[in-house]
Amino acid sequence: MERFAFLTFDGLANGAVYSAFALALVLIWRAARIVNFAQGAMAVAAAYAAYAVTSATGSYWLGFAAALAGGMALGVLVERGVMRFTSHSAPLNQVIVALGLVLTIQAGLGMLYGNEFRPVGTPFSRDAIDVGGVPLLSQYDVFVFAAVLTIVLLLALLFTKTSTGLRMRAAAFAPEVSRLLGVNVGGMLTLGWALAAGAGAVAAMLVIPTELGLHPHAMDLVFVTSFTAAVIGGLDSPPGAVVGGLLLGLVLSYVSGYLGSSVTPIAAFAALLAVLLARPQGLFAASKARQA
Amino acid sequence: MILQLEGLTAGYGAAPVLRDIHLEVPQGSIVTVLGPNGAGKTTLLRTIAGLLKPTTGRILFDGDDLRGVRVEHLVRRGLALVPEGRGVITELTVEENLRLGGLWRKDSAATMSEVYELFEPLARRNKSMGHQLSGGERQMLAIGRALMARPRLLLLDEPSLGLAPKVTAQIMSLLRQLRDNDGLSVLLVEQNARSALSIADAAVAMSLGRLAETSSGDMRAAYLGS
Amino acid sequence: MELHGIGVRFGGLVALEDVTLTATRGHVLGIIGPNGAGKTTLFNVLCGLIAPSSGSMTLDGKPLKPKPHQLTRLGVARTLQGVGLFPGMTALENVMAGATGSAGFLSALLGLPSSARSERVLRESARARLDEFGIAAYEKAYPATLPYAVGKKVALARALVTRPRYLLLDEPAGGLSEEEIAELATLIRTLRGTCTVLLVEHHMDLVMEVCDEVTVLDFGRVIASGAPQEIRDNPAVADAYLGVAA
Amino acid sequence: SSGGETPGGAKGDSTGVTDTEIVVGTHMPLTGPAAAGYSEIAPATKAYFDHVNASGGVHGRKITYKVMDDGYNPANTQTVVRQLVLQDRVFAILNGLGTPTHTGVLDFLKTNKVPDLFVASGSRTWNQPEKYPHTFGFNTDYTVEGKILGNYIKQSLPGKKVCFFGQDDDFGRDSLLGVEKVLGATAVVSKQKYVTSNTDVAPQVGAMKAAGCEVVVLATIPGFTALSMGTAARLAFKPQWVVSNVGSDHPTLAKQLGNAAPLLEGMVGVSNLPSPADLTDPWTAAFKKIHDQYNGKAPFNGNAVYGLSVGYLFVQALQAAGKDLTREGLLAAVEKNGFKGPGFAPLRYSKTNHSGYGGHRLTKVAAGVQVFFGDVFETDSADGSVNVFGEQRPTPPANTIAS
Amino acid sequence: MRTLLWSVAAAAGLVAATAMLDPFRNYQLATIAAYLCATAGLTVLTGLNGQLSLGHGALMAIGAYTVAFAQKSWDSLYLSLALAVVVTTVAGAVVGLAAARLRGPYLAGATLALAIAVPSITITFQSVFNSEQGLPVFLTPPRTLDIERWQALVAGGAAVLVMWLLANLSRSHLGRRMRAVRDNEVAASLTGVAVSRTQVLAFVISSACAGLGGALMAFLAQSVSPGAFPLTLSLFLLMAVVIGGLGSLAGALWGAVLLVALPDVIHSLTEGMVLKPAMASRLEGNLPLAIFGVTLIIVMLAAPGGLQGLFSRLLKRGHHAPNS
């Protein structure tokens, strides 16, 4: 029982960071209808900016701000510099460009910072609070939960309550019609990329301290897990990303704890398949489109 | 003149689809364009709306040359297009589609209830996703959305497509009413020549990318054989 | 073809309720009604795209539990409201897609002469159809570049290459000029006798001209049915559908 | 592949050798997730060769070292090794890195009779003289290492509850085998495994804590050493860490842990090569000089010392093979052995043994510095006992080039 | 008939080419051929049928391991390759059944998870698959041929066969059905196409090709290990078919060539540079990767239809020039 409780809290803590990054993936999907395979690499680049600032100033929060700003700037750069010029009628082209960006960014970071791991600090203690012999969540985990919650709320506000959110979605779904309706489609795309990249950067800041450390490939595995989480939840749904992330975190923790850590990818696949076979558009899918 | 086309030529590739088009739409009038399939009517409206760049010629809206004006700025200047084949954003709800049509307008709530009054199926289904709607409901939504902008010049590409006769008649009388009361100008492309001509102040025939202007009386004779 | 007590619900919305109708062999049955009355939904039920919540259907006297892809085998073909072409194929290929080739998997994989032969036959008959509709010039064009009405004709040609015994037409006249509608009427009339046609259409002249019977739907219910002339004069129909201008 | 005649006239295959040059190649992960750490080795070896070349080379021949990036992907290794052998016509493959990567090219290298020297991994696969006569290991193998760690626990931490946490492949398996050979199969109360694709080690660390472990043997790569220690600290679990050579390089770990580096205090490790931190060691000092001159700003850590040591040994082997350099001659020279150098334990090369070093010395982190303590131990990977190896290393030769 | 002529010509070209090339080039040719099997299959699945797969590397792994096991028990290469195709066909049918329910990014997610899961099976069941270290593939090369030339002939022959079959397929009514399903599922089903069955069929065909490609990889490497089939392999396959030109099998060929040739070209480009050691250790490995990434981006921006699209556009322009 103690083991179960322990694994549950471990799973929730991990799940929260997956949720954070899954939210960034959901955001870009809603804003541009693409699965941004470069999101992980872009977020790592932002985390390096944070690393540079924190090393120079000694302040975690200045670094955090730098990651946010750097991430958003990179998002704008990628959209204005590259994505804007890819063919929108062929969605796979955008995927390939994103993969090209991954290679370029990772190689660039490798050239700038080398391949070794860099430590990334946390603003709060990661020591688990011990309750009755079971180590529960740490202050840092609580911070992560709060951050994820904040992002979800902001996203919900943006998309349901503001006209900018409506414009962003319209621009993503039907660029030409949106322009006819007076929506600045280019601007919306840029904004979407900036926000998504900013969210991704924040997620990276949350995730990387719980992983091996800062490294050009630091987000590779996180990307895969978070993408899986986002798909489980339904790519269109921010709450889905959170639920998907937590669910996946729990499954992986239990499987790792009871069956062995090598089984986790198989478990992730099984969990994903189980959800998708029951709900092909994820747990929080919107209503099914009418066919004819 | 709210709209003047001077020597407009445009197309998709090497061969032009529109050839040397001259056309004027006076303020507060309804001009209808008739013509066989593939004549270039849709292309004409898309070019005016800025979706297609003319190779030569000028488009004057309110006397201003539209060259270099971005598509997304036209609707605020008062020019709205209802595209052929509806262009409803199917992943948004009916209400979101309508809201999008008049986002920047202060009076959009009032306009929305007018649209709902006009197209009462839309009111019933205001929370439905666009992709759930029937063909005719989508067409109503596309027209209603354009009305949300309260345009001064409305470009309509086959608005009667898929609509019940009663609704078509309603729309035609609405256009007439808006022209008379609000000074709306309309450039109307229709296959349903009868209803189009019933409200048109002027009519032009288009074939193979060229216009042949005639009086609407002649057109009526030509198209309706009466 | 008979339908008994068909009902369809989408959440709280009643799209069809207790719809019963019979399509007499070789007749043209018009189905009209206001927008959102449930006409397309009715077709969707007939094609197996939507499972009705109540009711039953028969085809040629046998109970019909349709699966969309098996319809052509049963001799049923349908056009979609709108255009519904395959955007990645030329007009000719679109029409060919309607026909089922006779060659099997292996002969296709190995490129046997039988496969090539059946392809050639298909291509010729598809071409003949396009020619018949006077749109052979668009053979190599992709749907996005086709004028709306040409696209509709291609879709009709695609439905006809299977030589159906039942043809469901969902607004075939949309976007067509008066002249083309007249041609369409001629076409439908030539089908009469060999093929049972269900016609959903808002163009009343066409409906009046070609239909043997007409059924009117409103809010998912049959509010009238009978000969075209009766329907036109039915005040309920005029009120719900035709309006004053008709 | 076709052999050539040496200029001197001796029979043999001298592919890749001219009067003025010897071309050797290697495969390493320079990019990708595995590049951390490992990518520092080849530049260090290259630096050593630059140093040798600057002093005239070996028998007048300069060494050209072609480093190919395989990203730790065995499929890439296949291609780049073929490119080295078939296209670039290298004389030998030196220090190819990684068990899964290098395993795949053994047969190819055998078919082409290419000397495959000093493979960079502690797998026992390299020691199969009958099956792979051209292949020689370098690292102390994981079982030997496990036995030496077990021996330390047996002698210095008797009666403590011992747990094992290892990588889920031959590294972890062989290491556990060694530990159990010494401590007995039932002595390890909790055996946990990880895979590199899953960075959440809390379940395993939690299980070891729950099992009441006092000593934890880690057969982990550096990233997972740091991760395990960090996770344990979060869970208020403070066992004695006893860590394999692969995962116990203090500078690497300290850098990765950053502010948490004090967690390393007291960690016991093993090493066979001098500590990069201990500049009083004559080999370290000599290597540092070369490193500073030829390897610029790269960090001088365990990987650098490793790479320099490989270079030193290879040059020793070339010297021993004589002026008329052939592949056959080189292999014979390595089998003849007698090499002494920076390593504490002996190299075990002989006609019947192609494994590398046969032992280790224990290290401990005290006051932030990793220092050696106790004797050098030596053993085999079978059931032989763990012995003290008393022989002293020589001091580096002049110019740090063997003659 | 045309496809048969092409294939015979390609086979003849192959025999002639292998005789002229040196062993390393033959090995590269063989690698291209192995990739080509996989990319051609992926072109059918993604290009023709519109299903996205990020898991083809996993299917290749299944083929590769089958060959390793088969060769251990009977050492008859062709039989082993055939068995690999059979096994991956079955695997593809199972995956395809699930895939047929999924669309767009959801299918991408599922296949991505598959790409990660399959290699980890080798670790979980290490007594069978021997973990990361993998298994050797026993081969008895013919005495009369250089081993690399033999490899090129076998792999090349297999690739020609695959291309011939797939070319027939895509020109037949089956290919048209696949495209119909890709373009509009409802319209496809109304024209008599069984949508799910067609999707499963495409997945099965594509898997069989990927399995053969993987089997050939095992045959070339004489070993199999999970590390050779990482997620990046699946992503690179997708990249290859898109960069090559998704619409046609010729694109699959360009893609396969690119996968092998581009790293090689970049390597020789960067090898020539003389750098300071401090720079060198940072740039080594990373610089080629960066160039690779930038090349991908540039090709995608300059040729949205891939290389094949670019070529056919140029060709068309060439044809038109004299007339106009």
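What to note about this one:
Read from first to last, the chains carry the letters A, B, C, D and E; within each, the first residue is number 1.
Here, a contact is a pair of C-beta atoms (placed from the backbone, for glycine too) under 8 Å apart; a residue touches a chain by one contact, two chains touch by 3 or more.
Small disclaimer: the values here were computed from a predicted structure and weren't measured.
The chains that touch chain B as well as chain C are A. Graph distance from chain C to chain D, where chains that touch are one step apart, equals 2. Centres computed as Cα averages put chain C at a distance of 42 Å from chain E. Per-chain Cα centroids separate chain B from chain E by 50 Å. Chain E has residues 116, 120, 123, 186, 190, 285-286, 289 in contact with two or more other chains.
In chain C, the residues touching two or more other chains are 40, 47, 49, 80-81, 84. Listed for chain D are residues 30-31, 35, 39-40, 168, 195, 197, each touching two or more other chains.
Shown are all chain pairs that touch, namely A-B, A-C, A-D, A-E, B-C, C-E, D-E. The touching residues of chain C, counted against chain B in their complex, run 10, 13, 33-36, 39-41, 81-83, 145, 147-150, 171, 174-180, 202, 204, 240-246. Of all residues in chain C, only 47, 49, 68-73, 77-78, 80, 84-89, 93, 96-98, 100-101, 103, 105, 108-111, 113, 115-116, 118-119, 122, 158, 162 touch chain E in the complex they form. Chain contact summary for the complex, chain B toward chain A: residues 49, 51, 70-76, 80-81, 83, 87, 89-92, 96, 99-101, 103-104, 129, 131-132, 145, 149. The residues of chain D lying in touch with chain A in their complex are 30-33, 35-37, 39-40, 168, 193-195, 197-204, 206-207, 210, 222-224, 226-227, 230, 233-236, 252, 255-260, 299. Listed in rising order, the residues of chain E touching chain D in the complex are 22-24, 27-28, 31, 116, 120, 123, 126, 131-134, 136, 147-148, 217, 220-223, 225-230, 232-233, 264, 276-278, 280-281, 284-286, 288-289.
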